[in-house]
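What follows is a set of structures for review.
What follows is chain A paired twice: with chain B in the first complex and chain C in the second.
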Partner chain A sequence: MPNINNNIVISSRVRFARNLKERPLPGVAKKAVLIALMEEVKAAVMALPEMEAAFSKKLEDLTLLEKQILVERHLMSCEHAVKAAGSALVLNQEETLSVMINEEDHLRMQAILPGLQLQRVFEMMRAVDEQLEGKLDFAFHPTLGYLTACPTNVGTGMRASAMLHLPGLVISEQINKIINSVNKMGLAVRGLHGEGSDAKGNLFQISNQITLGEKEETILQRLSEVIEQILQHEQNARTVFLQQQPEILLDQVGRSYGILSHAYSITTKEALNLLSLLKLGVDLNLFPEHVRLPIDELFMETQPAHLQQGAQQPKMSAKDRDALRATLIRTKINAMPIPKLQAALEG
Partner chain B sequence: MPNINNNIVISSRVRFARNLKERPLPGVAKKAVLIALMEEVKAAVMALPEMEAAFSKKLEDLTLLEKQILVERHLMSCEHAVKAAGSALVLNQEETLSVMINEEDHLRMQAILPGLQLQRVFEMMRAVDEQLEGKLDFAFHPTLGYLTACPTNVGTGMRASAMLHLPGLVISEQINKIINSVNKMGLAVRGLHGEGSDAKGNLFQISNQITLGEKEETILQRLSEVIEQILQHEQNARTVFLQQQPEILLDQVGRSYGILSHAYSITTKEALNLLSLLKLGVDLNLFPEHVRLPIDELFMETQPAHLQQGAQQPKMSAKDRDALRATLIRTKINAMPIPKLQAALEG
Partner chain C sequence: MMFCNTCNKKEATVFLTQIVDGKMQKMNFCETCAQKKGINDPSGFALTELLLGLGLTQDVTATAELTCSVCELTQSQFKKTGRLGCSACYDLFIEELMPMLRNMHPSLVHVGKAPRHFAQEQKEKESIQLLQKQLQKAIAEEHYENAAELRDKILALQDVASTTPSVAHSRDREVQNIFPFEATTDGNDAKLI
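On to the complex of A and B.
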């Protein structure tokens, strides 16, 4: 049985791409058609029991800051955020199910849960999909499978992924080797915000590349196996580091704590990279377990839009954000009753 | 009147190069001649009232660690440290007067005092020189002046210098402009350990290049004027920074404090650079005045040989030194009762 709360797998996600049969794709549909499509799909989605008391917004009714917040929370894609009239987002109350309407496809539905729970999110997604199949007529080809706007999604239309926190593999410089191996197995490795994004905060998203010619269960099985292997490598890297070079680990964790608790200006990237080392410090018992939650919260709270929302300032310069971010982190970290690192090491 | 305790001029130094008339220079003298010369000069130097209870050692009687300590304290040159039999060092009890015997010249005598006291160290040096003139027959040419091994010292044989702490000019990126201007005025700018050394810890040594064709007083006068100007520039840079970008200054000082108080491995160079910013923090009242002395002490205590002497370990790997240096700094800084930086800024 995989360990759900292993602190290395941050979240598990499955998304399905679906389109209505014989209707123009969002990229080519006229606005009136797009709006009619959106209303039809939205009504079907909102009627799901999972969507009781859901958050539902047309894209044109979302402010820039709201869209950024949703992107930072991985509840909406950047591509969807730039859409206008004719597109919408439906989000359940727990923020575990989201449906983007008229993104690249008519429906991009996702289930997301903390920890390693790929099978569970897949089942959540399948339950939603099966109910919608009864209301909407999905474009499905007998040999190809589900038809999608982009050929890379044809077949299952499924993308399954997990967000992994891999500071051990980064510090021990094994990460590139791992990424290469994972790529060879037909899986993709990306940064915090998907395709093309940097690996900030030592966070890596592993997902399937192949959607065609394989069953969902086979894809999930292979992805899970690879994630289990990466988990093992990450744990080994940490163990070896802690046994052979504890002073380097302690130095990196200590410096991160020192900078975060005393900086007066810090970028998102630096903050995430240093918070990653504090998180590692908690994993390795250099810090007490009760500081895990506030540190995890900072990963999200220090993202630009969350920061501005917290300060209730829809517009801010990058410079002011960097100062505000530092103040938020400093205040939160200095309020934690953290015993001296040295004592933790000696203890 | 120059402000002796301005916290920017760390120390003032004057050294005279002298040689005995019609005697072979150290670089060409046979060992027996060198030893005889050394004994003669040493006896004359030791007889000076300034040298009561002096430290006097032949080079072959100094351990490697002792030599390194003397170099780090600016009481002996690197060139002298590598000499063997036939060379010696005499050092007064206060460590303000040192005489290297048979370095490049028969005598390299230096006076060093904290702060901006060029005139005072010159007078100390001249008093020693005048007394020795009565005992030793110095090589002196009626038109050229004192004759020396290297033509760049012929004339006065004097090198006057001051060690300046210029973080303001470094942070505001004005330092290269200043160095270029100073060079054009016939003065040299060097790093912490003289010629060819890096500017670690934002410490710069300003000295005269010209020894020929000018009186000592003229050289000192020009050097003093230039130093006063650099002082002014440094103070302006700090004032402007504090007025216009206090958050950047606070951030740099804060991060330095955070790293120094939490690192578990640190090189000499990084330690000096961060200590420099703490020192700046004291100058700017971000830290209380009573932490100035412990911070100043760390500048010397963290140098490799001082560190090893403190730990009574004549042999250490660089890695072990970096760990020991971090522990020394962490312990000392965490023992300082320093109020929060933020309070200092808001106060």
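On to the complex of A and C.
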């Protein structure tokens, strides 16, 4: 049984791409057609029991800040956020199920849960898919499977992924070796915000690339096995450091604590990178367990749109945000006990 | 070796196809002459074409361009973006798609989940095929009573499948072709022809 609550796997996600048979895809559809399609799909999605009291908004009705918050929470893609009339988002109350309507495909639906729970998110997605196929006529080819706008998604239309926190592999400089071997398994490694984003905060997203010629279960199985192996390597890297060079880890955690508790201006990237090392400090018992939640919360709260939302300021300069971010972090960190670094070195 | 139309000395490496007043003109240039004439890339170079291995030298202007009747996506639009315009495009551009899919995936046959109604139809299709085989055997062995029973079973299955008319029609034809009986409309047993 995989450890659902392990602190290395942040979240598990599965998304299905689906399209309506012989209807123009969002990339080519004219505005009126797109709007009609959106209304049709939205009605079917909203009727799902899973979507009771769901958040449902047309893209043109979302403010820039709301869109950014949704992107930061991985509930909407950057590609979807730039769409205008004719696209929509439906999100359940728990924020575990989201359906992007008229992104690249007519439907991009995803389930997301904390920890390593790939099988469960897949089951959530399958339940939604099976209910929707009774209402919407999905494009399905007898040999090519589910048809998608981009041929890289054809077949299952499924992308399964997990977000991993791997500071041990980064500090021990083993991460590139791991990424290379993962790539050879037909899996992709990306940064925090998916395609094209860099790995801030030692966070890496591992996902399948193959969608045709393999069953969903086979894809999930391979992904889970690879994740289990990465977890093992990350844990090994931490153990080896603690046994052989504890001062390297303690130095990283201590410096991060020092900067975060005294900074008056800090960028998102620097904050994430340093928070990652504090998180590592909690994993290594250098902080009491009760500070885990406030540190984890800071990962999200310090993102630009979340910060502005918290301050109730729809517009803010980057400089002001950096100052606000530093204040928020300082306040929270200074309320925490000082890490027991010296004791760890002697112990 | 094809020579440059301008200098007639060097090998032609740049090929230009132009449509002027509805007439197609083809010109071949060596690299030097092409540069002199300022021909850099008349076909509108697209990165996806190169990446997807579709080949830049393919002449799409020579014949009437393939265009999807459902979404109006043209072949050159597809080649430029690498995206399909609707589900019907998959059948239309299947030739270009196959090499792309071969590069991306280990197999070209979907083995994962399918919509329930499709799986159901598939099952019915397989049952009908099995019954048709048995029917042919029964006819060959002159077991006509057995054959009539099998025929009724096939027709009953087709009735179920008639919710998707286009599929049911093609199945009707399949059955009739192998059927040495006269179809009766009054529900009585079929007569041998």
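Observations
Everything that follows uses one rule, which is that the second predicted complex is superposed on the first by the 338 of 347 C-alpha atoms of A that agree within 3 Å, B and C clash if a C-alpha of one lies under 4 Å from a C-alpha of the other, contacts with A are read in each partner's own complex, and residues count from 1 in each chain.
The definition used in the following text is that contacts are C-beta pairs under 8 Å (C-beta built on N, C-alpha and C of every residue); 3 or more make two chains touch, one makes a residue touch a chain.
What you are looking at is a predicted structure, and each value in this text was computed from that prediction instead of being measured.
By the touch criterion defined above, A:265 reaches chain B but does not reach chain C.
By the document's definition of touching, of the two partners only chain B reaches A:326; chain C does not.
Legend: residue contacts after superposition of the two complexes on their common chain; A:254 is shown touching chain B, with no touch to chain C. Comparing chain B with chain C, the partner in contact with more residues of chain A is C. Look at A:314: by the touch rule set out above, it reaches neither chain B nor chain C. Of the two partner chains placed by the overlay, only chain C lies in contact with A:126; chain B stays clear of it.
Overlap of the chain B and chain C interfaces on chain A: none, as no residue is touched by both. Remark: chain B residues 247-248, 250-251, 254-255, 257-265, 323, 326, 330, 334, 340-342 touch chain A in the complex. Listing the residues of chain C that touch chain A in their complex gives 70-73, 77, 81-88, 90, 97, 100-101, 104-118, 122.
Considering their complex, residues 19-25, 27-29, 104, 126, 129-130, 133-134, 138-152, 154-156, 158, 186, 209-216 of chain A touch chain C.
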